[in-house]
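Structures are listed in the sections that come next.
Across the two complexes that follow, chain A remains constant while its partner is chain B and subsequently chain C.
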Partner chain A sequence: MSSIIHLIQTFNLNKLCFLSFSFCLFVFFNSPSLKGEEKKVEVPSPKEIMKKTFNRNEGKSSYVSNILLSCQFEIVKKNNKSKKKCSSPPRIKEFKSIAIEIQKDSIDAKSLSLIKKPASEKGLGFMQVDYIEEGKSSDQWMFLPALKKTKRVVGDEDGPKTGSFFGSEISYEDIEKHHENDFTYKLIKEEKIKETPTWVIEMTPTGKKAKTRSYGKSTSWISKRSYIVLKTEHYDKRGFLLKTFKQSNVEKINGIWIAKRMIVINHQKSRMSMLKLKSVLINPQFSEDLISLRALKDETFLESELQKIHGK
Partner chain B sequence: MVQKLTQVLLKVFSFATNNRVKTLLAMFAATALLGFSIPKIKIDQSMDSWLESGDQTIQVFRLFRYLYGSDESLILMYKNPKGNIFNPDTFQKVQALEKILNEKRMDPKSPLKRIKRVRSILSADYLESKNDSLINRPFVEKIPSSKEEWKKLTKKALEEEDMKGTFFSDDFQYGALLIETDYGARVKASTLEKSSQSSEGKGPKDLESETDEDFSFEESPDSNSEMARGKIIDLDKVPELESPQMEEYVVFIDELKKVLEENNFYHFIDKDSLKEKSKNDLQNIVSYHMAGNPWLMGFFAKIILKEFGLIFILSMILILGSLFYAFRSFSGMLWPSVVVIVSLIWTMGFIGLSGITQTMMINILAFMVLAVGVADSIHLLSGVRYYLRQNYSHEEALLLSYKKCASSIALTTVTTMAGLGSLTFSPVVPIKVFALFTALGIFFAFLMTIILLPIFLTYFPLKVKEHEKKKSHLDPIITKMNLWSKTKRKTVIIPFLLVAVTLSFGIPKVFIDTNMINMVKPGYGFIESYKTIDKYFGGTASIEILLDTGKIDGVKDPQFLKSLDKLGETIQGNWPDLVSRVYSLSKLTKKSYKTLTENDKNYIIPGEKNILDQTLFSFETADPNTRKLVVDDDWQMARLTVSLVTKGSKEYNPFNDQIKLTAEKVFKEYKKGNPNLKVHSTGMVPLMYKMTENISISQIQSFGIIVGVISILFLFLFKSFTLGLLALIPNLFPILVILGLTGHFGIPLDSDTLLVVPIAIGLAVDDTIHFLMHYQTLREEGADVGTALDKSCREVGHALIYTSFVLSLGFLAFTLSASKPFTYFGILSSLSIFTALLADLFLLPTIIYWLEKRKLPVAQGGLS
Partner chain C sequence: MKSQVSLTKAMSAYILPVLALIFISYPTISLSSEDEFDFGFEDSEENKDQRPLEKKSSPFKIDLNGNITLKSSRQIGSPKRWNYLGPSLKLKGSLNTPYAFLKFDGDSEFNLAFKIEKDDETFSKKHLPKSRLREIYVQKSFGKHTIYLGKKIVVWGKADALVITDVLTPKDNSLLLLTDIEKSRTGQLLFEWDFYLKNIELNLYAIPFPLYNLYPDQGHPYGLPLNYTVKNQGEFTKKEQNSEGALRINYESDWGSTAFLLASIHNRDSVLETINIFDLSFQEKHERYLFLGLTMDIALKKMLLKTEMAYEKEKLTQTYTEFFGQQIPTVAKQNVLSLMGGVDYNHNRWGNWIFEISGSKIEKWSHLLLMSFSKNFLNEDLKLSASITFYDHLKNPSLSASSSYRINDSLKATLSSTLIDIQKPLDSNPMLSGLSEMDQIGLEIKYLF
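Here is the complex of A and B:
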């Protein structure tokens, strides 16, 4: 476990998330169980709770096969219950991702994603290299099979990270790595969600974070047992509900709690996205050379290698 | 009927005067109570306020803003006093300014948080392919330091499509900073959940009850393959968007100006602030022009709306002065003012109580109430003065005047209210609201005149000096007028006819036009800015064409994008004088493909679907913010922005009508395989123009109704077809004057200028009714035509001359407004009131004499 904790503590999640998106999400939402969590201890301060939540750990490497659905929704009332339903067929993306910690030659971590669906984007791949040096931007490459081109993508570094991932309601900002000093915290109440006791903590960004974040305030429901974030509500700067993140289908994989399903609702745009982790492997064995430009360009090779990892 | 009315009114009179204290106290209490409701008045000048909420035009516009964000941008055009803007000093200043604006926009406490994006030549998005890298970076990464670098940068800027004319002018003298805001594009607060309600109100119950099953992502086999079905864009389901208040724009613009000044950017007209600067400082100054809706709104709220207060005060002073001149008495000056003020408090109080949102037309409403209130009071006071001059006592004079005038005032109130009532059929909401509350205000003015004024006069009566009793300063004029209409009919009629014929030639030249440039007088930096920005940057307005493919990812189709590209080219080619630029996803696709393949020949839409898809994918990855501006999240609906040079509705409206047809034509082939394609056109300025034109047309139609309603009222009132027609002539004359003059002098008619017509009709009709009612009474009392006309002229003539004189002067105060339409409104109102007077005093008696000569019934007392 110590290696996992070490990995998380040194990872710049923001960079890694660009590629291994699902990995990031479960890192963010599934914090490790802590020693003595069942014992009755003194109530930690909200900052301590969030620190433990932020400093989550995961494996040294990972493999995830994902499906991401996004659509415009409408609220349908049935039996006095309202249900959010796609008003049109959802846009579907299927992709596989692998990530590995490197920690040498200035490289922090590498990750790679390969799109399987839709057909017109099949074989399209992303590769990302994150660096140890603090503040150094990660490098991202994209392989476009139809054009047979590999391109390093350099985005606007200073701009707010409002770009959405695969047209979903999750923006890069949502998976940004946070530091406990980026916010002020307030414990609003304690309550149970489906028998799970939670702390409800309000987070308000401070300092530089207040300027770069498009949310004015966020409220998170943190599981007292596992420090998993069960739900988060993000409010815009006017104080109106913008997005809700919810997750379910929680499973323990290799001793780590993973939510295999997450729903994001954008209340202001009436859009929602669902991310399903079809299969997750923590600490699978593969060579770091697999995450390279050469492999990125060779879809057949990459696909067979990913198959092998999955099959192991 | 008139007698019955007089009896009722006399009862009111005796009740009010016998219970003076009680009545005054009751009125005072009611006024105070209503006064407290005045602050509740809500004013909204946004486009939404002008149409019924279900109107499709506004729904499409709302959909556009919901999908792509606000189109309310500001263009700040800066000039380097030393010449070329491509120099280190100017670039550094612009860079510093951008930096601070970007900081402010992220600051939740700053009014500039409404800014969404700031762009200049330095920060413009630039997609570049270099050493196998796809880079989306600011156009200027580093300010050049050598001549060679400057040369290279200039060359690159000129090569880049749309850079010239967007961020710098042809001659490099001007640069432009584009400031995009979120005005009008934020979802209305009431439809959203407020934070406090949620985190505290919502408990675990909600969390437990809302399960995964409450989210349905239909994953049917067909949806996975072809995405055959798209989202149905239901215009009714587009959430309501916030409409910003005028005051918000003022705060925003004030803060922006402050930041600009702190960074040495000064508005070119702001010479006062520069006076204190030293020579050295002055060399550092960058002057700028500004345009765009937030600026326009800020300007209107700050200059035009605030001006109304001053104009109103000036108007009151002019009215008070002329009242004093007319009555030579303090009471004659004071009481009409009190009547008007109380009427206004009641009207405004009711508006506040009703909760109905008002527009800027509330100012015109106030003037209407003022005009009618003053006119009503003058009629009663003038009558009192007439009888005082006949040596009646104060009490007798008041009673006699009341007897003669009150019913006339009641009838004029009814006709004006009926005229305004016809405006309530208008499809335009603010006109309806205006008509409704103006009618109410006019009723209050009548009420105050018949209740309060007599009470006031019992406390402080009107005084007539002895020498005035013998001869009034208006007597010789009235005598002459009367003599002319009796003996020199031709001398009277011929000039009227000549004027009428001459003016009628102007009518065909009348045109309806709303033009930004014609809204404000020169000297305020407004026209100057619009003209300069038009010249160098091709205008600030735009028409937005929305193309709904009807299916998810429908835009990712080579045929669609090629058609979109062709549409842009066709529009630009067909209307070169009007269209300055077109911008859409097709241009960005071509640019991305060229950049990706690093081949200039590939500035095309890729023909193969998977190549196109991956080009678009890389574009979205590299520049997600620009993607959001040209296509929706589902890639179903594309947007084509057509930038326009500032012109009036006369040019825009036919263009707007044509543009949809052009789109249908260009997309004809595509539509064969994609029958669900829908084309919408929208955009703020063209929509505003279209609406103002509709308003103007509906106003003109309403005036037709007003004339009809008044004719019917006249026929009913005078029970004579001839007299009914006769009564119309002097009322039509001022309208002829207004239309003829606007036609001859090329004054464009817009919804503001056209407001003059109901005022002209309303006041002209009032004059006619007063005159004819007196004439009718005198004839019934047995007087012959000559005596009746002579006496009517003497009894009512004074009042007519006074009201016209007072109100003409009052309305002239409008000429001081910075707004051109309001200036025209002031001039035309004054002129129409004056011409209505001439027609009533000269034309009407002359026609009656002429009828008498021909022994027509009216002259023989047909009035009864």
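Here is the complex of A and C:
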């Protein structure tokens, strides 16, 4: 699950165009606080907001059944509304994910995903270990059932992990965990997304993170209510819009806010992906040892352990 | 994009005040129009139970998948002929019961090529169809332990192609170059006990009736001529002293993994000893030897460094003796040292590269060098791969290339070719020059379910 929830956390921001910037200035100068019309409400600093977002309570553990769709899209206009529509049947992947927060022995969190469909990829597994140390890249492994082998996914620690996550528009760097000190932040504005008030924060990667990230800047819309990132625009290093992540179907499950649908639009490739949580268990009881290379290569063992979770 | 930025700047001077007014009128920015997506997929069926697993309806659960493939492979060397033409079926599945899991993997091939080419009739009939059960075993996990019993494939080693420590599982080489290494592995009856302790994995194997590598049957264009008599083919497994044992200890750390391998096994490859050269009678021999191995992989920047070492004590090996100008097969027990070093290099733009070199010393060193490249295109629908292997000498290259296109989630087409040119075979392996005629191309269309 943290693979999904980490996606939520990834969203960093970017260079806004001049128009938006002007608008921000306009809003700023017309804000009630400047005019003294309302009581001054203390706005947390953008770093504090993002710290809360990164460290948001996502549950200590999770067990999720996901469906991932990816396709080339075309823009269809109807009744003055534009719609992004798959121009060919989408590729559909179904996979299960489990995740657990560790927070000890330098390990931050562990997650494991296993593909159930399509048949050609059944049994393909992916495991990730995130570290507490700032700037340290996650370790990733894949299990290739045809070869009966576990292979370490080796990326460039000094460069971005832009490889595709299960063939979608989500890249491995998108599912890496971030620390608040990995970026500098700027609060651009406050606005609503579908009646949900948000902070709009621009994030620029710093130091080592700047080298390991393919995005130059990102802009995130953070829900004031749940600290979930409802939308993120990622800009490439030349300043052009590369990807937009949108999260919706936000629900409170076991007291924890979860976005059950995420759409990723790759503007430069005209492709989009939808990650949908078909079902989700928050804080199921299982040992951190379950997320291991043993479980990655042995679906049977993993299934039997998950059955126990299900039975509880 | 640059023109868009300029346009935006130009527009801002004139339209900004108007837009600002609009924004004032709509303090809540509606993003609904941007939220319209159509994946052509019904996503309304939320699982109200919020549980990722199906409700328990039966304690037994069957899972079945596989593929139906239409395959063709034509030899374009000399002589030109079909090597494969026909369909094949692969089935893989599992049965989950409250007591244990049962897994199986089998395939059946219906190869008309031998009939079309008018090869030996007895041999041709064997392939119409030729079925095999590659794996069937029960598995039970409890705590830190997992046990397996049945016909099972075991894969050892870190190399992708030039594996020198993958000695336990026999290979089915009956179609020679037509079979990938992973498809050629075939299971054998064994008992396996796995024990897991933090970063350490221990595997113990007991193999009561080992199986050996398979080669083209007599009658096959690459098999032994029909007038040869080979004793002990398939007989050896019945002898009691054949039982084998093996151990693997793997340690996983932040920087990579290391495995220590130990086995008391018989040579899997067929070794022929001449009984009588005048009536062309030979016997196949398999004898016990001690295998020691070490494998490591180390993650370093973009690369994964791989190494394997193997020492085989008094292993039965194939040798040749000259007899009136002819090389006749003989056997000898020798100590064999093998080494492998390799690098995986993954680059998002330049694709995935594998470099591997392996060497084996019996009396002299013989070695293999492999370079392989693969990259996905068209959003992973198209995969191009190519590899070149040099056998002992740079004048002995084998070039393989394939392109695989995924038409949809269930349908895939693959075009492949292999070109071999052996100009300088080693004395220790006179059979190598025979490969030089085996240039071939193939096409297969696979339906996965």
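Going forward, the second predicted complex is superposed on the first by the 193 of 312 C-alpha atoms of A that agree within 3 Å, B and C clash if a C-alpha of one lies under 4 Å from a C-alpha of the other, contacts with A are read in each partner's own complex, and residues count from 1 in each chain.
Keep in mind that, in the parts below, contacts are C-beta pairs under 8 Å (C-beta built on N, C-alpha and C of every residue); 3 or more make two chains touch, one makes a residue touch a chain.
It should be emphasised that the depicted structure is a prediction, and the values quoted were computed from it without experimental measurement.
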item	value
Touching partner for A:Lys192 - first (chain B), second (chain C), both, neither	both
Touched partner set for A:Gly167, first chain B, second chain C, both or neither	both
Partner chain(s) touched by A:Lys237 [first = chain B, second = chain C, both, neither]	first
First (chain B), second (chain C), both or neither touched by A:Leu281	second
First (chain B), second (chain C), both or neither touched by A:Asp105	neither
First (chain B), second (chain C), both or neither touched by A:Leu306	second
Chain C-contacting residues of chain A that also contact chain B	69-73, 81-86, 89-92, 117-118, 120, 146-147, 149, 151-156, 159, 162-164, 167, 191-194, 231, 240, 246, 248, 261, 263, 269, 271-272, 274
Chain C-touching residues of chain A, taken from the complex the two chains share	17-19, 22-23, 26-27, 30, 63-65, 67, 69-73, 76, 81-86, 89-92, 96, 117-120, 122, 139, 146-149, 151-159, 162-164, 167, 191-195, 231, 240, 246, 248, 253, 260-261, 263, 269, 271-272, 274, 276, 278-281, 289, 292-294, 298, 300-301, 303-304, 306-307, 310
Complex contact set, residues of chain C against chain A	1, 5, 8-9, 11-12, 16, 19-20, 23-24, 27-41, 43, 46-47, 49-53, 56, 65-67, 94, 96, 101, 103, 139, 141, 146, 153, 155, 182, 194, 196, 198, 201, 252, 254, 256-257, 297, 299-304, 344, 346-348, 379-380, 406, 408-410, 412, 448-449
Residue ranges of chain B touching chain A (in the complex, touch as defined)	103, 106-108, 113, 125, 129, 132-138, 186-187, 189, 192-196, 198-200, 203-204, 207-210, 212-220, 222-224, 227, 229-232, 237, 239, 552-553, 556, 596-597, 608-611, 613-615, 617-618, 620-625, 633-635
Complex contacts: residues of chain A adjacent to chain B	69-74, 81-92, 117-118, 120-121, 124, 142, 144-147, 149-156, 159-160, 162-164, 167, 188-189, 191-194, 200, 202, 210-212, 216-217, 219, 221, 230-231, 233, 235, 237-241, 246, 248-249, 261, 263, 267-272, 274
